[in-house]
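The two complexes that follow have chain A in common; it is paired with chain B in the first and with chain C in the second.
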Partner chain A sequence: MQSNLPILLFLVPFLASMVGAIVGWYVRHAARRIALVAMAATAGISILALFRVLEIGSLHTHMAGWPPPIGIEVLLDPLSAFIAATIAVVGLIVVAGAVEHSGAELPRRKVVYYPSILLLMSGLMGITITGDLFNLFVQIEVASLAAYGLVAAGGRGAPRAALNYLIIGSLGASLYLMGVGFIYAATGTLNMAQVATLLAEADQRLVLVGGLLMVGGLATKMGLFPFHVWMPAAYSRAPTAAAAFMAPLVTKVSAYALIRVLFWVFAGGALLVDDLLLEVVAWAGAAAVVLGSVLAFMQTDLRRLLAYSSVGQMGVVALGAGLANATAMTGAIMHIANDALMKGALFLAAGMALIRFGVRNVDELARLRGQAPWTMAVVVVAGLSLIGIPPLSGFFGKWYVLSGAIEEARWAFVVALAVGSLAAVGYVFRILEPLFFRPPDTGPLAREGNWALVVACVLLATLMIVLGVGNERLVTVFIMPALPGLVP
Partner chain B sequence: MTGGLPAILVAVAVATPFLAGILILVTGTRGTEVWGHIAAAITAAAALLLAPTVMAGETVELLVVPLVPGLDLLLRVDGLGLVFGLLASLLWIVTGVYSGGYAAATALANRRRYFAAFAASIGAAMGVAFAGNLLTFFLFYEALTLATYPLVVHTESDEAFNAGRRYLLFSLGGGLALLTAMIWAWQLTGTLDFVPGGFLDQVAGTTLVVLFVLFVSGVAVKSAVMPLHAWLPAAMVAPTPVSALLHAVAVVKAGVFAMMRVLGFVFGPVSLAEFAGPEVLAALAAITIVIGSLIAVRQDNLKRRLAYSTVVHLSYIVLGAALVAPFGTVGSTLHMVNHGLAKITLFFCAGAIYATTKRQNVSELTGLGHRMPWTFTAFTIGSLGLIGVPGMSGFISKFFLARGAIQAGDMVALTVMLGASLLTATYLLPIVRVAFFPGTKALGGRGGRRLRARRREARPALLVPLLITALLVVVFGLVPPAFGVQYELAADIAVRIFGGGQ
Partner chain C sequence: MIEDIVARGPYLLFALLAVAGLYLMMSHRNLMKAVAGLYLFQTAAILLFIALSYREGASVPIAADGLELHNPLPHAMMLTAIVVGVAILGVAIAILRRIQAETGSIEEGPTGDEGG
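For the complex of A and B:
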């Protein structure tokens, strides 16, 4: 069904970013207010759109009225609507919660910070809703440019981390673009749906090379092992407000893009290609689950630890996607939302710990002990969800991916998930041990973060509980319709 | 039976301890124990009120919420669950009183955290007891691990942290094996509901064997079967009331309870007859009994000695269940209760001794029976109960365990059981002897008079609970109605599992 609703998801943050940048120069605090209003509007629209999609089916917009293959198609199906709603809601909560962070760390740069966040948001939304392979590249670049800038705004070591991120990120984007070129050569179109129908007749050599390049590019963006190397430095050096926004969202949207390309573009094509691609993704995911979690366990820097944890959690998503049965896919899609919630809460908390208590390393978390009860409680919930303790939402993501692996009798993947979970126990308790049981190295420094942060953290933790306890509804109402039709 | 008052009672029994935990955290700086006492009373009352319905042969069900399509968070109370639930909730009342006394006597720090975690642990144990399917069971089993972790590391020493890490690694690792087994079983059979006699009858061959290994290694951690026992002695670094209720009753009994659930309600005698799994498990349990006893004899630290004794007696229960014989199951069920009563008494005594005299090694207890006669009388009763002297509750359960071994025709198991009772005597009775009869040298002359003159019993809050549990050891061994009820429940469970064949 034709509708203009999808494109609003991109346009609202995009235009607000422009307006905020201009108005912000002249009016103090305007940038922040515009950003919060725009984020709230985007979240509202995304929820509205999600329920409309579930009610009446997919919504399409042909940009400027041109139908594909000439025009760009914007598409909200149950999957993109679910991801868009997740991203928009978590984004809103995080930006609202990180007001104090940005105020403390970027006192005179708020004017740039908020428009950059909005630009990043518009890019993420664009990635989610686009139905066009080349437009996907453009949106990735929009999001990435904003992200590079946000990382570079951080303190010591940030420019270097941003440069790293820029180089590796651009490499990923170029890989993807080259892949798109091959696919265009093979099929003569860039519209995802059309490519999918034409792939079977296309030159399989071109399709194979194109597919591998595209998967490689997207894997870089989602921080999939072994392309994760930009992530720990970027997220630990970025300003905490920016990290709290990027860590839960950027890699998650890229993971979605990978699923979109794998199952809506390639899985309709030749069996050889999609089997090979899926196999590569699954093994990379398994490696990420193990190594990401083990590396997380070995970190001393709190935010590096969290970033490596994301590498592991994205591995779970990739593994679920690579297994490609309905059960594992359910887990993969669910875990995108899970990690967004968990990392949102944890990076917000980590930012608060840095700004108010000067905590950089995990061991220093003892300073929060007894001083920040709400944050501590939220960290417990998010941490246990990361380990996969029922009935928190993180458990169910692992449950479905593990189920999918057992269904296929892929025991190596079962072992990988188990090892990853045990390593997660290790790194989560490295956080919880000082937070609750170790004596602090100095006297009380400060109190809990401001009410906005507390509310944001508590909201995210509540969502983890709600999505866990109500998981049956989450699966039947939101995720099952979003599964690609071709898997049984 | 679903709905109605019994279902509400089930919800109350499981939810009350968790609510108490939250209340303790949120409210008071003072009187933190009061919430615990109230919750303990409510929980135990709910469990007791459920007893008549369950003993009439009905099961009470409460569907909480669907978690996965086709798989619910489901509470269901049957005989076995009731036994464990009653044990945990009733002993929580006494331990609550004891904890208060112990905290006062040893100036325990961080009491809010301590009592909140304690309450949550009991809630998790109640959930384990009343879980209606494997997923619900798993949920509370993991919750139990996490709720007891703060208690293990309570002293915040390096030793405590090492013990805590080991505990987490073992327990959550076992949890992963259990999770895998559970998902696989679900895919094979489409159900995870506990059924007396098992639900895996469609599964055969290698798959069954691998499932058995996964399931058993998952639950063998908490039931401390060697070589997965190492966390338990290490966890003795926790305050003594924790060792008493959790590491002698709630946590480890959740382990053996899980073992009985897995063997009787997931696999069932028919499936277990198809392969050698139960024999291997029985052999492991027998080895644990022997080696554990030998290690216990060599421990000087009283709590560690008791911990190894726990390892041994848990394996008695596992062995009884692994015999796959009706009387073995009866014996296991009874020993779950009777070992709990005896061992909590012994730990209470150890704690009372430590809180009063700061002594924690066996070698320091010489003549102490004259200073703390009541405590050591209770210790003697607990020891005799554990050894299985006729007239004590332990005798009855060991009697049925032995009968189970005869029924299964397993003479090795019989020998191990009887022999290990002697070993139990060798590591417990010397303590009694040196405490009461330190020899003429120590008692004679001025020293002996001083010993008697400084008679200083433990404070009442410590003494009363341990006397109550000691009394229970005798009551369940001597008073026919008491052990009659116990036996009826246990026999009913065995009948259900083995399908009428006594």
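For the complex of A and C:
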């Protein structure tokens, strides 16, 4: 079905970014207002598109009216529509909640901050909707360039963290691009759907090299172990407003891109290559689940702890994708949404703790006692969801991946998930312990963040509970149609 | 042997550039050199695509009936990739200047807490 909805998801934040950057210099607060309106519009369009897709099937936009394989195809199928809606809604909530963060940390640079956020958003949406391998590279770089700039805007040490991120990130993107080159040499096309049909007859050596390079590149962008080294420094040094936006969204969209490439491009007949790639991704995911969670437990810096926790959660996603059965895939897709919610809430709360209470290290969280009840409640919900306590959504993502591993009788992965969850109990307790079981610290006396932050955090926590309680509907209505092999 | 090397020249150059870029990125403490290495690596990817578009005895891809043409699509893609590469180089240099302003040097410090 032809429709202009998919490309609007990219164009709205992209054009708003350009307009905001120009108008923002002349009109006070214009950059922020334009950003909030554009994010709200993107979220609205994405929800509308999600229900249209579930109702009438995939929506396609052929850029400039050229049908594929000549033109670039932009499309929303149930999977990309679900991811786009998740990203857009969490993005809107986080940007609205972090208004105070950005005001406190980037007082004179808001005119640059908001357009960068919108540019990052447009890149993420572009990654989600594209149906073309080379266009995916371009969109990854659009998102990454904005992300590098946002990290560099932070305080002491931020430029160094940003350069690290830039070098590793661009290396990953170049690896991906080289992989695209090999696939193009093997098949002569870049349209994902067409590549998938041609791979079986192509030269398998080229396909294998191309596949490994592409998976390596995307794994770098999603912070999959052992390519996660840019993440802790980048997310702990970035301005808290930027970290709260990037941490829940950037790695999640890259994980989606990895799933898209693995199951919609390589699954189309290149069986031997596909099996090998899936095995590599599954083991990297298992290693990430264990080491990410254990390293998180060993951190003292609050935001570094959260970043390592993301390494572990992305490991769950990669493990689910690598197992490649319907149950594990359900878990992987669900966990992309879960980690977006959990990291959005936790990074918002961590930013508030830094700005209002001067909290950098986990131990200093005792300062929040009695001062910030709402934030503390949200941290508890998000923390329990990270561990995987049943009524919360974080449990179900892990549960499906675990069931998938048991179905395949891959006991090593079952053990990895169990160890990862145990370590998660440890690091979540390290956050909760100073909040609840220690005498209040004598830090600067302050109050909880403003109402926008509280509402944003509570909304994210409510979504965790809703997705957890309404889990069966989430799976049958949104995720089942999105599983590979069921796409029209 | 020599014919082989000549025939695969662009691909060998691609491999050489990629390896040289990786070596520069990893072996030097000077951050500017790391950025230069990154740029070499990106250039290697561009060279790979351009080498793919070459056809023996073909002509420049300008509309002309009856002639065999080099594949123009990789050229179009690589124009985009070059622009992306330049943009990244620009951001990298801007960040380098901020590092220099903050720490007074662009050498990697001995006690960096930047790593994993």
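By definition in this document, the second predicted complex is superposed on the first by the 483 of 488 C-alpha atoms of A that agree within 3 Å, B and C clash if a C-alpha of one lies under 4 Å from a C-alpha of the other, contacts with A are read in each partner's own complex, and residues count from 1 in each chain.
In this section, contacts are C-beta pairs under 8 Å (C-beta built on N, C-alpha and C of every residue); 3 or more make two chains touch, one makes a residue touch a chain.
On a predicted model such as this, the values are computed, not experimentally measured, just so you know.
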*For A:V138, select first, second, both or neither according to whether it touches chain B, chain C, the two together, or no partner.*
second
- Based on the superposed arrangement, let me know which partner A:V475 touches: chain B (first), chain C (second), both, or neither? first
Touching A:F437, do we find chain B (first), chain C (second), both, or neither? first
Query = Between chain B (first) and chain C (second), which does A:S421 come into contact with in this model arrangement: first, second, both, or neither?
reply = first
Taking the superposition as given, does A:I406 touch the first partner, chain B, the second, chain C, both, or neither?
first
Please indicate which partner A:A16 is in contact with in the superposed arrangement: first for chain B, second for chain C, both, or neither. neither
Message = With both complexes overlaid on chain A, does A:L354 touch chain B (first), chain C (second), both or neither?
response = neither
Touching chain A in the complex, chain B uses residues 65-69, 73, 113, 135, 138-139, 142-143, 146, 150, 153, 156, 161, 164-165, 168-169, 172-173, 176-177, 179-180, 183-184, 186-187
Touching chain A in the complex, chain C uses residues 18, 25, 31, 34-35, 38, 41-42, 44-45, 48-49, 52, 74, 77, 80-81, 84, 87-88, 91-92, 94-96, 98-99, 102-103, 112-116
As the complex stands, chain A meets chain C at residues 134, 137-138, 141, 145, 148-149, 152, 156-157, 159-164, 166-167, 170-171, 174, 177-178, 181, 184-185, 228-229, 232-233, 295
As the complex stands, chain A meets chain B at residues 384, 387, 389-391, 396, 399, 402-403, 406-407, 414, 418, 421-422, 425, 429, 433, 436-439, 469-472, 475-476
